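Could you have a look at this structure, given as structure tokens, before my questions?
Chain IDs A, B and C follow the sequence of writing; residue 1 opens each chain.
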Amino acid sequence: MDIFSFLVQTLNAVQYGLLLFLVASGLTLVFGIMGIINLAHGSFYMAGAYLAFGLTSATGSLVWAIVLGVPLAMLVGAALEALLFVHLYKRDHLEQVLLTYGLILIFEELRSLIVGNDVHGVAMPDFLAGSIPLNDTLSYPVYRLAISAVCVVLAIGLYFLIQRTRLGMMIRAGSHDRDMVQALGINITVIYRVVFALGVAMAALAGMLAAPISSVGPNMGGQVLILSFVVVVIGGIGSVWGALLGALLIGFADTFGKVILPEFAGAMVYLVMAAVLLWRPEGLLKKGA
Amino acid sequence: MSDQLLVADKLTRRFGGLSANEAVSLTLTRGRLHALLGPNGAGKSTCINMLSGDLPPSEGRIYYQGRDITALDAPQRSRVGIGRSYQRTNIFPGFTVLENCRLAAQSRHQRAWRLFANALGLRDTLDKAHAVMAEVGLEAQANRIAGTLSHGEQRQLEIAMVLATDADVLLLDEPLAGMGSEEASRMVGLLDTLRRSRAILLVEHDMDAVFAVADEITVLVNGQLLATGTPAQIRSNHEVQQAYLGEEAFHA
Amino acid sequence: MTIKTHTAGIAQAVVLAALAAYPLVGSEFYVEMVAKVLVLGIFAMSLDLLVGFTGLVSLGHSAYFGVAAYAVALIAPEFAPANLWFVLGAAVLISAAVALGIGLLVLRTRGIYFIMVTLAFTQMAFFLFHDTALGGGSDGIYLNFRPEPRIGGWMPFDLAEGSQLYYFILAVAVLVFVGIKRVLRSPFGRVLVGIKSNEHRMRSLGYSTFNYKLGAFVLAGALAGLAGVLYAVLFGFVTPELLSWHESGHVLMMVILGGMGSPVGAVLGAGAMVALEEAFSLLTTHWQLLMGGVILAVVLFLPGGLIALPGRMRQLIKSGGPHE
């Protein structure tokens, strides 16, 4: 592998990892703060991709689709929390697994009823459609760089939200001591709703961003869900920075796995997880955002 | 065989920067009941957790009959002969009293490979279970579901389970907590009997009970060992009086 | 209590007699479907050993089912029938070995981690068969001949014959059912139930619970493998979908639908699940929507599953209303 193709693969790994981080960070926050395991989180990624497809067709641009789609996803997330997930908090993990598994079946069929089972493509915005030449044969697509940039900006934003804002303080307190938070007069219902909506919106945004570079089709949520689990296991439940670390690790393992051992690429990320489990069964960074 | 069963040598446990126990040493001797006293947060639970293997010490060693057992985990320590009861009742609430005791007795001879044997047909285990129920006075409740017992009976069951493991060393974490005075005095009587053939470490808040049954007392304050001695020595120890007990406790 | 055990014994005998007589009256299609229920019943019983008895919520149980099914297809020669006893033994051993390897890793975790990690390792097994040449890709592998139960030169029965295959599966299911019942009252089984109730206490009583959980994990993996072998023999082909995590969710749902902590419940759950799927798929192509609804309803309104239903009804009648 020469230096340029190495550079291309590295950029791909980072971009893939960052996109995964968007999905996994919501998952880990919901785990860490509300203590629920949500198998349907991958469905939000899928919903985002379909939203990108629908809104891009309607408005003519992915940018508009995102501008309209993210607030919409937040609203839907808040509504889902208020109507459905609020019933999960007091239940044990087994029931949460089954209920959210049931939701996956329902979401998949609703998708099939509403938009059918065809595979779609989404056009990337014209101004991001070019690519940057690296040498005579290799070039790198601007759109992938843009995805990475958006994700980095969001990760920084998340950092400020959690570390520097009042909401973030409440989130951190909520993840450590529920009773204390209640005693301080902080409205835990609101925190849960906001965190959940945020998680849904980030997963949906990841789906929208990914739509132009992967196809939009049935069951696209399942794979992302399981990879997000791997990320969360590697990083440690409840740790956003663990999720970032885990996501990048998975990005590299998957991307370079495909180059080095194409047949075993699918299994590579799980080997990384197995290694982490042997070394640190509770994840690289334990709880504490 | 030495009568010094369990020796803790300068046990230290740190949580982050905080020392919950600092160089605490204890010796438990067969035939003697050793009480561990101290105000809340003095590190009594940390100490008993290190002895039982629930918590690894940061420094220090633990010896059982001269053998270094610091590296053994909780199940292994139980199997060498250290049994413990818990401050918060820790039983199998959905099982019968008999099954609680039977399961405890089975741990001495586990026979995990006999997949098709009937556990209820293992005579030695059943006999042991019935013997310990009789010893603590629960045989009439044998077929009741443990979760439906009164609080005091659950505490008795907890002791019965430890006895069923044939432990030589009993680590008892507040066995009298939440008991009525009648139940408590019966438990004190039981402890008195049990000590004859075993070594007992008793963590207890009930001062009267402690001074009534203890052969030796160790006082912990802020994770440090303040004094060790007979009840009379502790009663007259000036430091102990100042640091912890207060005048009233002695005249009450 | 003895009256209750009597009734249960009679009920089980009646069900067994009905199952044994079924091929005499049922059509080929439905006989195969009952055989499928029995195979899935074994699969569900094996998972119940973990979820219902040991308290380990595994979301990756399809791995052992699928690996054994693939083992049958891969071991069998292409142009001749394999020896049943050989492929059966080999496939079950392989799935037990896989369960041992995965169990050593996943049992280091607990709670939510355990759920996620079991799921992830199953997905890894899925990719191994899906992506590599070994498993024939996403199309899977056909089993050209049903294995022969030859012992030396003697063939006690013939699986190529539909009803004999049915009786073989029924016999295995009964053996597994009785075997699990026996294991549950053994010293080993009592420890598993103790671990589910209060693992911390089991440890302080002197049980190294990791070893027991690993034992349960391997046993459950081996029995899931047995179910996988029967599945491959019954349907004659294997695909990566057998290892997919949806299959794991599916079997977990059977356990819950029937009522966990009971081998009868597991089999009942398998039967109910297959029946519901058949009924729903006749109604609409979007039958998964109904299935999802049933799952939500069972978890929300039917704690204890189908097996607890008679007791709940009795209580309802006694209390004279839906309160309490």
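We take it that contacts are C-beta pairs under 8 Å (C-beta built on N, C-alpha and C of every residue); 3 or more make two chains touch, one makes a residue touch a chain.
Quantities reported herein were computed from a predicted structural model and do not represent experimental measurements.
If you tally contacting C-beta pairs for each pair of chains, A-C comes out on top. Overall, the chain located most centrally, as judged by its C-alpha mean against the mean of all protein C-alpha atoms, is C.
Look at where the CA atoms of subunit A average out and do the same for subunit C: the two points lie 33 Å apart. The distance from the centre of subunit B to the centre of subunit C, each centre being the mean of the chain's C-alpha atoms, comes to 43 Å. If each chain is reduced to the centroid of its CA atoms, subunit A and subunit B end up 49 Å from each other. None of the residues of subunit A touches two or more other chains. Shown for subunit C are the residues in touch with two or more other chains, of which there are none.
Listing the residues of subunit A that touch subunit C in their complex gives 31, 37, 39, 87, 93-95, 97-99, 101-106, 108-110, 112-113, 222, 226, 229-230, 232-233, 237, 263-267, 270-271, 273-274, 277-278, 281-282.
Chain contact summary for the complex, subunit C toward subunit A: residues 51, 57, 59, 105-106, 108-109, 111-113, 115-117, 119-121, 123-124, 126-128, 130-133, 245-246, 249, 252-253, 256, 286, 288-289, 291-296, 298-300. Those residues of subunit B that touch subunit C in the shared complex are 52, 54, 73-76, 78-79, 83-84, 86, 90-95, 99, 102-104, 106-108, 110-120, 122, 161, 165. Residue ranges of subunit C in contact with subunit B, taken from their complex: 179, 182-183, 185-191, 194, 197-198, 200-209, 211-212, 215.
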